[in-house]
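The first chain written gets the first letter, and so on, giving A, B and C; residue counts start at 1 in each chain.
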Amino acid sequence: MPCVIKAQNLGKVFRPGHFTLFKPKESITAVDRVSFSIAKGECFGLVGESGCGKSTVGRMLLNLVDATSGSVYFKGIKLQGLPDDQMHRLRSKMHIIYQDANNSLDPRYSVYRTLEEPLQLKGISGPDRQVKISEFANKVGIGKELFQRYPHELSGGQRQRVGIMRALLQDPEFIVADEPAASLDLSVQAQILNLLETDKKERGTALLYISHNLSMMRFVSQRMAIMYLGGFLEFGSTKSIFENPLHPYTQMLFASLLDRVPQERKERKRTASLPNPPLDNGGCAFYNRCTLGKPFCKHETPWLREIEPGHEVACHNL
Amino acid sequence: MINVAEAISFDLEAGQTLCLLGESGSGKSLIALCIPGLLPHNALTGGKIFFLGKNLLSQTEKSLGKIRGKEIAMIFEQPMGCLNPMMPIGRQIAEALHSVKKVGEKSWEIPREARRRLDEVGIPGHCYSHYPHELSGGMQQRVMIAMALAGNPKLLIADEPTTALDLTVQRQILDLLNDLKHRYNTALLIITHDLGVAAEMADTVAVMYAGRLMEHTPVQNFFSRPGHPYSRALLNIVSGKTLQPIPGNVPNLMDLPWGCPYHPRCESAGAECEKTFPASSHFDHGMVRCHNALCD
Amino acid sequence: MKKFYAGCILMAIVMGLAVLAPAISPADPYAINMDEKLEESTWQHPMGTDQLGRDLLTRVLYAARTSFGATFAVMVVCLVLGTLVGCVAGFFGGWVDQVLMRFVDILMAFPSFLLPIAMAGLLGGSMTNLILALSLTSWTGYARMVRGSVLSIKQQLYVEVAVVMGSRRLTTIKNHVIPNAIHPLMVYAAMHSGHTLLAISGLSFMGLGAQPPTPEWGAMLNEAMTFMGHQPNLFVFPGAAIMVTVLSFNLLGEGLQDLMDPKQHKEVKV
């Protein structure tokens, strides 16, 4: 399958923007040498807890955030350093869906106006816009009676649907879905994920699905990566990761998933709750919380190695 | 006038956990606010809420104020919104302890007690002088729990306590709640839309839909032999190889269908369902409101 | 809502009277008639006459045009200049922002009453000079306000989405930033105009603005000082006119502010 988007050694370091009088602020490595690619019609899942840098990766793929190192290729075209008007031409081919539909819709635009904007930017005429919006609205599940409403008059699920429809209207080839269903009820989550899945199958859109909800990944993505403090700890097909999670962090995540079987409330090992540990220069980022940690892990950064076919792990102890 | 909730009845004993399960728009948060009398002024409540023998709905604001925070405590989804950003957390706990201080207890012992409480919820001592924004979401929720338990309440109401938290932190907070529940024999009322939380924490599960209580049953029953079609549909969503959402949407409370509010989306709906709202039928220590419930 | 409507109605009345002044005034505001000076209210002169026999009602109505007109002129200049500078500084950021804001800081440090006095001293007192001076010292507040709004709007996700969809910078500013920045700006403009009117009246009172015989409420108050004992009408009516007009600006501003809030109302979680 042809590759739609490719990230190669992406890195992002945030440096403090101003001079502080008493204590020089340290720079934060948000993303550390991340590489992966997404093919046409494929969904790639990015799982991690808050602060791990997954949203930053999503934004870098759309060139919304400048990469400090590494590059992003969209269908072979390198995005970093691309002149403005060429980048502008690629813009309508890539889109983003946010978790916070509240903030991603202009509060002064009615639903119809919000949906018109992407078509206007593509240069589609008025009557054509109307036709296309009506067609899509049926598919996405937005009734015509919602068209004149404003975002604050819609429910969370409806807002999210409007956000998704806005993304789909431009027929993008690549969509970054940044926790699109996080704050929604399970049934609405399921409907939205099915919607994305249908669109992906019909039009072959490449999808980057970012979430902290590990359990939903098996329904959504074909391949996935587990991210921690800016780096990939585990990477491979969703099936093999779910059947056999190898990295201690991945195992910890799976152990944290709440069981649906109430009888088996086992005594679980309590992991210490630490405030965000700093990323050391060199050494495994997970060392502080790892049960398998050896002194060696503190100094040598592990890199992704293939343990099983299609399943890579970054750990010294496997 | 909108009828937001109707015919809700349940009971909860000391040391037990009841999970009020429902989607957005089901009225579960309003029930939670109703118990300690935190509904807005234009809310009309009917019926009775018996707390340790007293009917809360007939209490004056003054006597409710004495119960709130001391015997009934509440924690919410977004801890950052409930913590004073200008005050170190140690002082906030001390303030909570101070407000529930009984006659005869010494004020100068409060800081020490505050540290003990922080320790109890797993926050290291050096965080006593930290400000809320310096803590992670999980730590903030722990502070909330410590403040809520300041008065050793008999009932703790938790409104979506872990929805905003990461997976690993969620697990820790739920373990903490369970721990504290056992230690102090507190009754726990958890409001959530997450079935996993219910499975993990609940002794009994009460399912709400469009402001009505549809099912109230022990947790094992709920997961193995749910009586109500809605409960079954909820459990089915993620149980197969593909996602199976419940068709349709949660109804607008201002525009409920006739009869049973769930019937437009129900796979077992019959003619009777469109006409009358089902009465509760009791079976196996549980209750279901359905014309076509699967009961043994 | 009530404040907004009250403000609107009051403002409409004042504006209406100002616009229709030539049509509804009983006399010529400049017609001197020494026989009828300092008279009480009569049917012919509903508010009486001033020290030169001119009809007071007519002068109060015509003064509305002067004062109102000047206030609007200041508001328009400040709006245009302030919005332009604030938008450019806020949206483009970086050194453009720094340079513009330092310039604004310097201007803001200038005492706002000294400039009109200085200008009047150098160039002579006139309404034009007054408008110019007041605009120069007030536009900085608007610029700061707009810059603040733009900075916060810039961070909103819907602006980022517009960029993702292929919206060019200027289009994004036109479509999303300005419409969302306008409401707080309108509130600020309404409230600020009340202050401007007071400043215009105050400075005209001191002789730095409207020159006789141009009718202007502040200048009329000055003239009334000498005749306070004889004919209180001379300061009661112009003073009341100032008060009512400033009140209408304030009501309008506060009403607009209240109107904005329901949109950001949190929905009750059910």
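We adopt the following convention: a residue touches a chain if its C-beta (ideal position, glycine included) is under 8 Å from a C-beta of that chain, and two chains touch if they have at least 3 such contacts.
These figures come from a predicted structure and were not determined experimentally.
Chain A has the C-alpha centroid lying closest to the overall centroid of all protein C-alpha atoms shown.
When each chain is reduced to the average of its Cα atoms, B sits farthest from chain C. Each chain gets one centre point, the mean of its Cα atoms, and the points for chain B and chain C are 54 Å apart.
Centroids built from CA atoms put chain B at 31 Å from chain A.
Among the residues of chain B, those in touch with two or more other chains are 24-25.
By the touch criterion stated above, chain B contacts chain A in their complex at residues 23-25, 122, 135-139, 142, 163, 166-172, 174-175, 193-197, 199-200, 202, 219-220, 223, 233-235, 237-238, 242-246, 249-250.
Touching chain C in their complex are the following residues of chain A: 62, 64, 88, 91-92, 94-96, 98, 100, 103-108, 117-118, 121-122, 150, 152, 166, 170.
Within the complex, the chain C residues that touch chain A are 156-158, 160-168, 171, 175-176, 179-180, 263-265, 267. Residues 49-50, 155-157, 183-191, 193-194, 212-216, 219, 252-253, 255-263, 265, 268, 270-271, 273, 275-276 of chain A touch chain B in their complex.
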